[in-house]
Amino acid sequence: MRAPSPTPLLEARAITVRFGGLEAVGGLDMAIGRNAIHGLIGPNGAGKTTVLNVLTGFIRPSEGELVFDGEAIGGLGVNRFARRGLARTFQNIRLFGAMTVLESVLVGAHQRFSANALSLVFGRRAAREAERAMIVRAYELLDFVGLGAEVADRVATTLSYGHQRRVEIARALISAPKLLLLDEPLAGMNAVEKSEIADLVRQVRAQGIAVLLIEHDMQIVRRLCDHLTVLDYGRRLADGPPDEVLADPAVQAAYLGRAR
Amino acid sequence: MSPKSPIAPIVHPTGLIGHPDKAAPPLLKVENLAVSYGRIRAVDGIGLHVEPGRIVSLVGSNGAGKTTTLMALSGLLPLTAGKVAFAGEDITTLAPELRVARGIAHVPERRRVFAGMSVRENLVLGAYARGDAVDVASDVERMVALFPRLGERMGQMAGTLSGGEQQMLAIARGLMSRPSLLIMDEPTMGLAPQMIDLILDTVLEIRRQGMTVLLVEQNAVEAMRLSDHVYIMRLGRIVHEDSGANIDPERVKSFYLGADA
Amino acid sequence: MDYFGQLLANGLVLGAIYALTAVAFTLVYGVVRLVNFAFGELFMLGAFLTASLMLPEVRLIGVAVPMPGFSLPVAAAGAIALTALLGVLVDRIAYRPLRNAPRLAPLITSIAVSVVLQSLAQTIWGAEELRFPEFHLATLPPVVLFDSIYLSVMDLVVMATALAAMLGLSAFIARSSLGRAMRASAEDQMAATLVGIPVNRVVAAAFAIGSGFAALAGLLYAQTYGFAHSGMGFLPGLKALTAAVLGGIGSIPGAALGGLILGLVEALGAGYLPNGTAWKDAISFVLLVGLLYLRPQGLLGKPELNSAGRGSLLGGASDFGAVWLRAAFATFDGWLARAAAGGPRAALALLAFALLLGALVPSDYWLRILTMVVVYGMLASGLNVIVGFAGLLDLGFVAFWAVGSYLTSILFVLLLKDQFGVAPADIWWLLYLNLPLAGLVAAGFAVILGTPTLRLRGDYLAIMTLGFGEIVRVVAINWMDLTNGPMGIRGIPAPNLFGIALGSPRAQFFFALALAVLVVFAIARLVRSYVGRAWVAIREDEEAAEAMGVPTARYKLYAYAASGFVGGFVGVFYAHSQQYISPLNFSLFENILLLMLVVLGGLGTFVGPFVGALIWIVFLQLALDLPFVQAYPETRFALLGVVLVVLMVFRPQGLAASARVALTMSGARSKEAA
C-alpha cells in the first residue's frame, strides 16, 4: 500500500443541490482520501445518491465546487468525469442489455481506444493490437472480480444478480480509475455474496484505487470503511471513523428516530 | 433467532387482544408472501396478521422490503408466491383498483399527490372507487375537519403545497375512499419535527375513528410507541415481531446499525 | 386587405381541422405517452365512413352494398362512433400489450397500424377518390364578410363544430369524473391506480375520444375539399402532429393553438410566398424542425416529455416472446446462432450462395427482383446502423438515399450531358468516384441534420427526423432547376466498367452484390470495434454509456454519418440501376418500409436487413400470383403491417435476432484465446 498523501483525492466544497425549490443537498463538505474506503450513509431520502450523482457529473450542483486530484472538475460533461478517473456503478445495476459480459466490460475501456474509422474498416495493425490488449485486460479484470473466463460470452443481463454486480465493477475498473464510486453494491445480496464483494472492495483499494461506498448494511460498513460521512436531510450530520460515527447519538437518532 | 410464525402469541399491554387465533378474524391476512424483481427476491416469504382496529407497523432498515410488501398488498406488484386475504376474501389476484373498492387505501411513499390538480380535485379523486357521488362533498368537509390546513388551500395546485401539506393531502385522499384498512408508507419521511408530530397524531386519530392502519415507518422509535404490533423486517424476511411496547429498542438498533454483529 | 382576409378565413378553416386532429394526438400522448401515428388513418376512415353512410349505395371491395343514405349529421355521428370503437380496438390489440415495452416498440407498432389501416381502406374503398356527397347546407350562397371575404356556410359550420367540440372536450376533461381520472392517470399512473382508477379503461376512453376527434376532423376535411381518399390522412395527420408538438404535446389548449397557428401560417405562406402553394407543406415541417430545436417542449408543454426510457428491443430479447413463437423459432434460431458464431466462414458461405444464385437464375425478371433485394438490403443496413445499433429512430433516412441518387444523376445528366454535352459513356469512371463522394456528402448532410436532434430523444427524435425527410422530399419536388422537379431525371446511364456496359440484369445483380459486400464489411468492421460498442451502449442505456466515458453526442453523430454514408453510397447505384429517379422514390413510405424490413429481419444484426428485404420483396412478387392479391395488391402491405404488429408484441427482436452480432474484432479474440 502506498502511504496516503496529505491532499485528498476528491474534495467537495459547500455542495448545494436544489430541485425546484427543494434543497436536496445543503452545503456539503466532503473529502475522500487517497486510498480510502469511504462510506456515505444516511437514512432513506437523505440525499446520498444525489451526492454520488454530483460527484460523477450527473447532477450539476447549484452551488459549490469539486476538486479532483488537484483540478476543479465542476461543470464538465459526464463522460469527462469518467475520463478523469471517476468510475461508478449504479444502485439498480445498469449493464447494457444485449451485450456479452466481455463487450460490456470493454465499453468501460472506451476512452483507451483511439483508432479512426479508416483504420478500423481496414483493420490496421494498431487498431487490432489495441483491441487485443483491452480484451486481455478485460479477462484479467473478470478474473479479478471473481468471474471466470467462461462467463465472458454470456449476455450480461442473464447472469445472476451477484455476478452482474461484479461485471459492473469490472466495467468500471477497466477505465483505470483513481476513484471507484459504488452505489449500494451489496443491495439484494445474501450474506456470503456480501462478504465476497466486501473482500473485492478491499482488493480494489489494495491496487491504489480509492472507493466511495453508499451502503445500508451497517455491519459491513463498520468493518469495511475507514471513514464515514453521514447525511441526514441533505446535510452532513457526522464525519469520521466508523465506530465513532455510529456511536454518535445524533446518528442513531437519525436512523431510529427519537421519541417525542 | 426469533419467532417467524405469524400466529405467535401476542400479548398486548392493554390486554385487549390475546392470541390471534382466538380473537376476531384478521382484517388482513398474508401468508408466505414473496415478491421478486427479476432475479432479486425482495420479499422472501413473509406472513402478516392485521387485526381490525389496530395499528400494525413494519419497520426495518432501507432495502428490507417494506415498501415492496405494501405495493404487493395493494396489487401494484405481482406476487411470486403467497396468499393475501382481506376481510375473509382471497384478494391475491384482484386488480389494484378493485382492492380500493374493497376498502384498502394505500398512501404511497413520497406522497404522490396529483401535483397539477387542485387540492379539492385530489380529494374528489380519492373517492373515485366509491359508487356514491352523493356524500363526497361531506367527506371533503370531514377531511377539512381532520386537516384544517387543507381547507385553506382547497383551490391551490397540490404541487405547490409544502411537503407536510402534501402528506396531509395524500392521507386525506386515501381516507376519501372510506377504507377499512389504511396502508401508509413512510408518512413522515423528510418532514419537519412538528409536522411529524401532527402526522403521527393523525395516525392515532384514524384508528380512533375505527380504521385499521398498516404503517411502514423509518422512525422505529415512534413506530414502536404508536403501534399495537410491530414486525421487524430485514433482507426480505420478518426477523422479529412483538407488541410495540415489548420490543427491545437495543435489538432494533442492532438491526439498523449492525452494532452487535 | 381583402386578399389577406380571405387567406385568414381559409387558414382558420384549415386550422380548425388541424386542431381537432392535434387534440387526438395530444390526448393520447398525455395519458399514455404514445405518439399514435395511426390517427392520420383514423382521420381518413372518418371521412370514408361518413361518405359511405350518406350515400344510397357504395362499392366495397368491388361489391355494391346498399347504404342508409343518412344526412350529414347522422352519418357523421355514426362514423365518429365507429372510428372511436376502432381506436379502442387498436389500443387493445396493438398498444396495450406494449405498455411496459421499450419506447421504440409502440412507436413502430403505431406506424405499422397506419400502414394496415391505409392498405385496408384502399382495399375496401378502392384506390380512386370517393366523391363526398353534397350536404344541403353546402348549396346555400356563401356569407360575405366586409364585402370581400367569402366564407361558405359549411366553412362556418366547420369552424363552429370544431370550436364546440373543443370547448366540450375541455369542459369534459375539467369537470367530469372520467375527465379527472384522465388527468390523474396522465400525471401519475401508479397514484391513479391507488385511488381506484382503472387506468386501462381510462386509456381506452382517451383512445375512443381521440379517434372520434380524428374522425370528426377527417369528415370535415373531406366535406370541405369534396372527396375522400385512402391517402388523404397522411399529410394532415403529420401536420396535426406538428400542431400538437407546436402547442406542447399533452396540452389540449396547446393543440388548439398549434392547429390554428399552423393553419394560418400555411394559408398565409401559400398566399404570400413566391410559389407558396408548392412550398406550403415544407412550411409546416420547417416550423416543426425549428421548434423542436429551439423549444422541444412546444409553446405550452412541459420539458420533461422529451425523454426516452432505457433499453432496446434487443436488450430484453431473452425475456420477450411468446412461448409458442419461441418454440416455432427454436430450430431457426439455433441455425442462425451457429451461423453467427461461424463468423467469416458463414458470411463467405452466404456470399457463395448469392453468387451461385446470380449465376444460375435464368430469368431476367427474377434477377431484377434479386437486385432489388440486395439494394433494399443495403439501404436497410444503412438505416440499421442508426436505428438498430445506435437505437435512434430515424424517419428521415431516405433523405440520404435521395442525396446520393440526385448527386450522381445531376452530375451525369443535368450538368455534364445537358449543359456540357459530355456523353455518359465517356465518363463511366465518374460513377466510381461518385460512390464514395455521394457517401461523404450524404454523411456530411447526416451530421448537419443530426446535430439539432442530439438533444431530442424517443418520440421527438422520430418526429424531427420525419420533418427533415419530408423537407428534403418537398425540396426535391419543387426546386425545379436543381432536380427537374416531379418529372424526375431520366436517362441516367447504366453502370459501365472500362467501356463494358453493365446494364444486363445479371451484371447489375453482381454489381449490387459487390457493393453489398463492401457495405456489410465496412459496417461490420465499425460495429465490431469500440465504435460499435459505444453505439450499442448508447442504445441500451445512454446515461450509463456516458458514465463509462463515452461522449454520447459525438457517437450519435458518427452513427448518423455512417448511416448517411451508406444511404448516399447506395443511392448512387440505385439511380444508375433504375436509370430514372423522381421524388416519389424517396417518400416517407419508403423510409417506413425500410424500417419495417429492418425490424422484420432483426434490428442490430448484419443479416437482418437482407432477410427482411428478401422475405418482403419475394413475397411481394409471389403474392401477385394469387387472384385476390391481383385484384387488391394493397392487401400485401396490410399483411406486412399485421406481421409487424405481431412481431412487436411477441418477438420484438425480429426474425433473425439470433444472428447476434459480436462486438469485438474477430481476429483479436481468436489470438487471445490461443
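Before moving on, here are some points about what is shown:
Letters A, B and C mark the chains in the order given here, with residues in each chain numbered from 1 onward.
We adopt the following convention: a contact is a pair of C-beta atoms (placed from the backbone, for glycine too) under 8 Å apart; a residue touches a chain by one contact, two chains touch by 3 or more.
Not measured: the values here are computed from a predicted model.
Using the average of C-alpha coordinates as each chain's centre, B ends up farthest from chain C.
Highest C-beta contact pair count among chain pairs: A-C.
Once the centre of each chain is set as its mean CA position, chain A and chain C turn out to be 42 Å apart.
Inter-chain spacing, taken between the CA centroids of chain B and chain C, is 48 Å. Centre-to-centre, using mean CA coordinates, chain A is 34 Å away from chain B. Residues of chain B found to touch two or more other chains are absent.
Within the complex formed with chain B, the residues of chain C that make contact are 177, 180-181, 183-184, 187-188, 190-199.
Put simply, chain B touches chain A in their complex at residues 38-40, 42, 61-63, 163, 186, 189-190, 197, 200, 217-223, 225, 235, 249, 252-253, 256-259, 261. By the touch criterion stated above, chain B contacts chain C in their complex at residues 74-76, 95-98, 100-101, 105-106, 108, 112-117, 121, 124-126, 128-130, 133, 173-174, 176-177. Note for the complex: chain A touches chain B at residues 22, 43-45, 160-161, 184, 187-188, 190, 216-223, 233, 246, 252, 255-260. Listing the residues of chain A that touch chain C in their complex gives 56, 58, 77-79, 81-83, 87-88, 90, 94-100, 102-103, 106-111, 113, 115, 117, 120-123, 127-128, 131-132, 135-136, 139, 155, 157-158, 171-172, 175.
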